[in-house]
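We just call them A, B, C, D and E in the order they show up, numbering each chain from 1.
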Amino acid sequence: STAAAKEKPVIYSIVHGTLSDPFWAVYRKGLQDAASAYGAELRALGTEVHSVQGEVDLFNSALAAKPAGIITTIPDAAAFQEPLERAKNAGIPVIAINVTDTRPKAERDPYLFYIGGDEYLGGQEAAQKVLSVKKPAEAACWIHEPGHTGLEARAKGWTDEMQKAGIKSDTLTFRANNPTEAAAALKGFLTSHPNVDALFAVGPPPASVALEVLNELGKSEKVTLISFDLTQEQVEAIQNGSLLGTIEQQQYLQGYLGIEFMKLYLDHGFVPGGSVLTGPNLVDKANVATVKAQVEAGFR
Amino acid sequence: MTVIRLVLARLETGALLSALAVASIFALWTSNFLSLESITSVLIVTSESAILAIAVTLLMIAGEFDLSVGSVLGLSSVVVPLMMVNYQVPPLAAVMIAFAIAVGIGLLHGTIVRGLRIPSFIVTLGGLLFWRGIVFVITQGFPVRVPRGSGSLFDFFSYRFPNGFDVSLLWLIAWAPVFYVLLTQTGFGNWIYASGANERAARAMGVPVDRVRTILFVFTSVSACLAGLIQVGRFGSVDATRGQGLELEVIAASVIGGTSLSGGVGSIGGTILGCLIIGMIRNGLAIAGISSYWYTAIIGLLIVAAVLVNKATERFRKVAV
Amino acid sequence: MNDPETANPIPLLEVRNIKKCFGRVRALDGVTFTVDRRSVVGLLGDNGAGKSTLIRILNGIYSPDAGEILWNGRSVHLRSPRDASNLGFATVYQDLAMIDQLSIYRNMFIGREKNVTWNLGPFRFLNHKRAKRETSAALAALGIKIKSTETAVEALSGGQRQSIAIARAVHFGGELLILDEPTSALSLRQTKQVLETIEKAREREISVIFISHNIGHVFEVADRFVVLSHGQTVANLSRVETDENQVSHLVREGRAVER
Amino acid sequence: MTVIRLVLARLETGALLSALAVASIFALWTSNFLSLESITSVLIVTSESAILAIAVTLLMIAGEFDLSVGSVLGLSSVVVPLMMVNYQVPPLAAVMIAFAIAVGIGLLHGTIVRGLRIPSFIVTLGGLLFWRGIVFVITQGFPVRVPRGSGSLFDFFSYRFPNGFDVSLLWLIAWAPVFYVLLTQTGFGNWIYASGANERAARAMGVPVDRVRTILFVFTSVSACLAGLIQVGRFGSVDATRGQGLELEVIAASVIGGTSLSGGVGSIGGTILGCLIIGMIRNGLAIAGISSYWYTAIIGLLIVAAVLVNKATERFRKVAV
Amino acid sequence: MNDPETANPIPLLEVRNIKKCFGRVRALDGVTFTVDRRSVVGLLGDNGAGKSTLIRILNGIYSPDAGEILWNGRSVHLRSPRDASNLGFATVYQDLAMIDQLSIYRNMFIGREKNVTWNLGPFRFLNHKRAKRETSAALAALGIKIKSTETAVEALSGGQRQSIAIARAVHFGGELLILDEPTSALSLRQTKQVLETIEKAREREISVIFISHNIGHVFEVADRFVVLSHGQTVANLSRVETDENQVSHLVREGRAVER
């Protein structure tokens, strides 16, 4: 068995944000579950704050460790071009997850294939869901980490879709690390924009703050709130109606499939025909009951 | 005349003028800034950050920094609900344990700074990373649901009255005078000023500088814990990033309130006003409808402008502590 | 106080063979002398002789490399100025050691707050009024005129600062007053007052170590003259054994007159 | 003996020992730490951050802080490709404009600090927020890509040789000695130390403290610009968060390298070693595959430990600048 | 130097009716005196009389509330110590103003680096060797013995520090040397050397303003005695007009003897 343990392939996973983010926690669980199922040695790394540069530096370090394979997000195709080429030259296979280079295969960065969702589509879907229940007088979308490419893409999907429907949508850029401050700012915004009756929170931290603020202002009815990703709090909010729904990427799959596909590639050279899409997936009152237990168990 | 002179002479006066200037700008700019809703939300923000910033101010007066407060706040915010949910620890016990941990962390920081003579900046930068890492280890990154059923306990930290005010304001009203008296009316307060203004002379005069600073490290950790608990009660869940970036903001509030980065100068009132100024700027801009990409830039401008008002009136203030 | 006999053989302070090096500089290289009760010892020596280093060692700011300090006949280890002040030392340092930004009266009581506190249960609070009053009184006793004790020390003239440091030491003076060049910045008038204060201290059973480059001043008050040179005690003479000229010569040359 | 004494006496020696300690730990721990791949990637990271940290060190020696460097780095990184893409500005001109902007920003910060007597902490905290805000405004939050055709120009800042080394290392090798000579071999270097060690005395001795500091604010901005352009060259694109959080990291590198937060003490070599230490810790932990749980916590511990090694050897070093 | 006539009626420095208040403290309340070429002016006064404040004004550290300073007959505005040193003032401040952490030789040349630089195109570099050599020479000229000029100033004794400050001022001394209590921490031997240095300066056509509380020392070298009291000039006497007793009395009482 010691020989088998030595055989365990080392697989790195690298993401462009802090793994202490709730989103990545679920992803990590997918990684771990698959790693123990398939006998891989997992090394999951993330930056301390959202940082493409920090991620590339981690990627370079991972290359130096000469692992069997790397699973990475590609938040910026240009920044990853050179490192990915080096990985290719070194014969280290790379699977992209979560965000990627969207160019056609011939032009894009050299990696095997992509497992993930599409942030922009997710934003659009959030807007469509809101539009399916009402036509907002004015809308807004809250990015808690301005400049974070994935979040910006979600916001853009929402804003574009709202604009198509002829609805003005503001973008808020308050940070949510200090929820009290964020709450005060959101209240200020809602005071100065009394017509806003649809709000898109691009992740769990702003969703949590928005739920509390709307509740305190007594505007839970008036302002339709929709969000991204899933936490227990969001599930409960969907159940009690204060949250219309949430878009998720099923990021557990990104982690689990990342390891699984990497193992399959390493053992047998399998490569799927195209991208494996794990999202976007809408969770609303209709299906929330089915995901609730999953959320509590850390799968969503 | 003498009264005016005396008022103008106080360190807090500059911060007060800055605060008034900021308030006037927003009151003129937007009609809603003086609404009850807006005032209460500014006060809630101010109370929370001031509870923390006051302790940080004392430490800065004594000539040291604590960069770890954000992480310690995160740790205590996470530990309490986690203990209650996962280990069925009774709420009160969980809170006591959190405070005990905070005391331990403060003692640890103080002891390393003092015993190993490593600059507090490095020790607490290490703390910033280490305690954040610990939060991550114990939560595995998952947000922790706050058991609201136990509302009764968290109400103690952050109950919201029907008129919109929050218990946190009462905490500040209770907390600030204690530190004010400590700083201005006790020998320990003397020692705080002396340690920061001239460490060598303070030692020569018999001030136990190391002990003073260690106690203040405990104060900052305990204040971070309290501020964390106040926040926990208000929002339904805590994630592992809670409190990130807070260290710079509380130092900024202190400095806006007149605290010197090189030690020896500062006041409780000034710091509270500094927190108020930051709170008003954030809230006022949002009310004024500046919420988008300009938001960050304009906060930067207004912070400098606020301190400018303070400086412009400084020459009237020339009385020693 | 413990021993009120007049013919007490145990000196108040005894310094035995103290040594201290800074890197390769031997600041003190075997200093030995005693301070009797109710006596004023003049400590003399050229610049860099090691006088201030000795004073810092007596206050626990530096620890000696070798040697022993005996207080009332018992060996003591001084680890900080706090230890020294608990024993009953009160010192005016050559570089004064004051907190410039703080007011005069706060400087007066830093580290000595218990003298002006009032208690509320277990808590002790400063009595600012009393602190100011006592400060004014202490300054007046030294003949120092300063408008307000709330002035910051940094706003004072060199001599005024020095006066405050002296007032502080004298006010709390325990059993041993250590004055490291206390009159260097003082006017004639102030200097006279300080010399009188030293005389009065002796009358109040307080011993004094007095350092000065003005041998005339030292002669006005001291009972005993200890001369350091290059970190060593080169002379230890009582007033009756010597005169100003001899002491001057010793200080200048670092050794006795060749006979 | 004397040689050993002289070496031990230098400020850099402590940092060097810390760096060796960190390198040894990782070399023993993981087999790949000393591979070419790993060494080059540490050197790239070190060069980039050291170019910036050196200027920050000079400013800290002179007794001031610059918190805005991360934002200025972000701004200049964004401005160059943006001008090239949106306004067809020729690459060289775009780079010149970026440097001109950096000079302007440095002058502005210096002038506000000096003219209005506002603490540099506040001015550059304002700058941190303001310039970051401007980046958000001009990019609207989206990354900007560097036009490929212009590769030749950016190769000048960051070209990776086939053996893995990068031009940025050459920049550091060119940049560091200039500042080293400036600090140790010129009158201006004397002034830098004097301004930070004792501002009042420096003025009394005829040092134009304000001018010195203003020039150093320009240096930090220009260095941030250079570091930004090197990164643009390396990544081929910029996002709006580029450089966020960098301010604390470069200050930390300086302090690890022996720079004092209160001014008057510091060295170029120490700072480079400080950057190297941080770079090695990050790289080494990644190669060792430390569970991400513990990653952050262990960085914190190692930073404190690195400084501890430095302090443990401090008593051997007692020679003035 | 501009005007080599011996019977020049224009004094080197003229201070006219200078006033300076700090809040409600009138530190200077109308000070007027002149410094002739090749003369030593003794500036005297009780503690807090305003002497150091005047020196700081002469160095552009404070700006006067009223009054005028004339240099070679022309009115000058001093905005910083740099201005003053460009005019040709060299000052020893009472609080010494040195950079403790830096070495002796660096302290010697701070703000005066151009004296020890070598040029490479437009760039100027410090010549450390030369700086150390010149420092050693300057110290030796004052009879100061210090092991290494690389020692940090903070490691020096009080008197050694003061000697370095004097050496610095004397070494660069332009046309006016301003010494604010330069001998307060010096031993007899050092003091003598400083007084001799003052004499020599006068011979080298340098004028001196000398502040001290030791009237004996002032009498050894000064040609003229200016006495301040509570910020006002209460006497301005040439050597021939007065004696030590009268000056002592003036300093002590702040006014002339009642006749």
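Heads up, the rule we're going with is that a contact is a pair of C-beta atoms (placed from the backbone, for glycine too) under 8 Å apart; a residue touches a chain by one contact, two chains touch by 3 or more.
Owing to the predicted nature of the structure, the values given are computational and were not obtained by experimental measurement.
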Groups of chains joined by contact, in the absence of subunit E: one piece
Given subunit D and subunit E, the chains that contact each of them: none
Which of A-B and B-C has more C-beta pairs touching across its chains: A-B
Far-end chain from subunit B, centres as C-alpha averages: E
Rounded Å distance between subunit B and subunit D, as computed from the means of their C-alpha atoms: 29
Chain centre separation in whole Å, for subunit E relative to subunit A (CA means): 72
Computed distance of Cα centres, subunit C from subunit B, in Å: 43
For subunit B, residues that touch 2 or more chains besides their own: 129, 132, 136, 140, 293, 295-296
Subunit E residues counted as touching two or more neighbouring chains: 22, 155
Numbers and ranges of subunit A residues touching at least 2 other chains: 19-20, 28, 48-49, 146, 171, 173
Touching pairs - complete list by chain label: A-B, A-D, B-C, B-D, C-E, D-E
Subunit C-facing residues of subunit E, complex: 22, 24-25, 45-49, 51-53, 94-95, 147, 155-160, 163, 181, 184-191, 213-215, 248, 251-252
Residues on subunit B engaged by subunit C in the complex (per definition of touch): 181, 185-187, 189-191, 193-194, 197-198, 200-208, 264-265, 319-321
Of all residues in subunit B, those that touch subunit A in their complex: 30, 32, 35, 37-38, 41-42, 44-45, 48-49, 70, 129, 132, 135-136, 139-143, 145, 160, 164, 231, 234-237, 239-246, 249, 279, 282-289, 291-293, 295-296
Sites on subunit A touched by subunit B in the complex: 18-22, 24-26, 28-29, 48-49, 146, 170-175, 177-181, 183-189, 191-193, 204-205, 208-209, 211-212, 216-217, 231-233, 236, 298
Interface residues, subunit C side, partner subunit B - complex: 59, 61, 80-82, 85, 91, 93, 96-103, 106-107, 109-114, 117, 123-126, 128, 150-153, 155
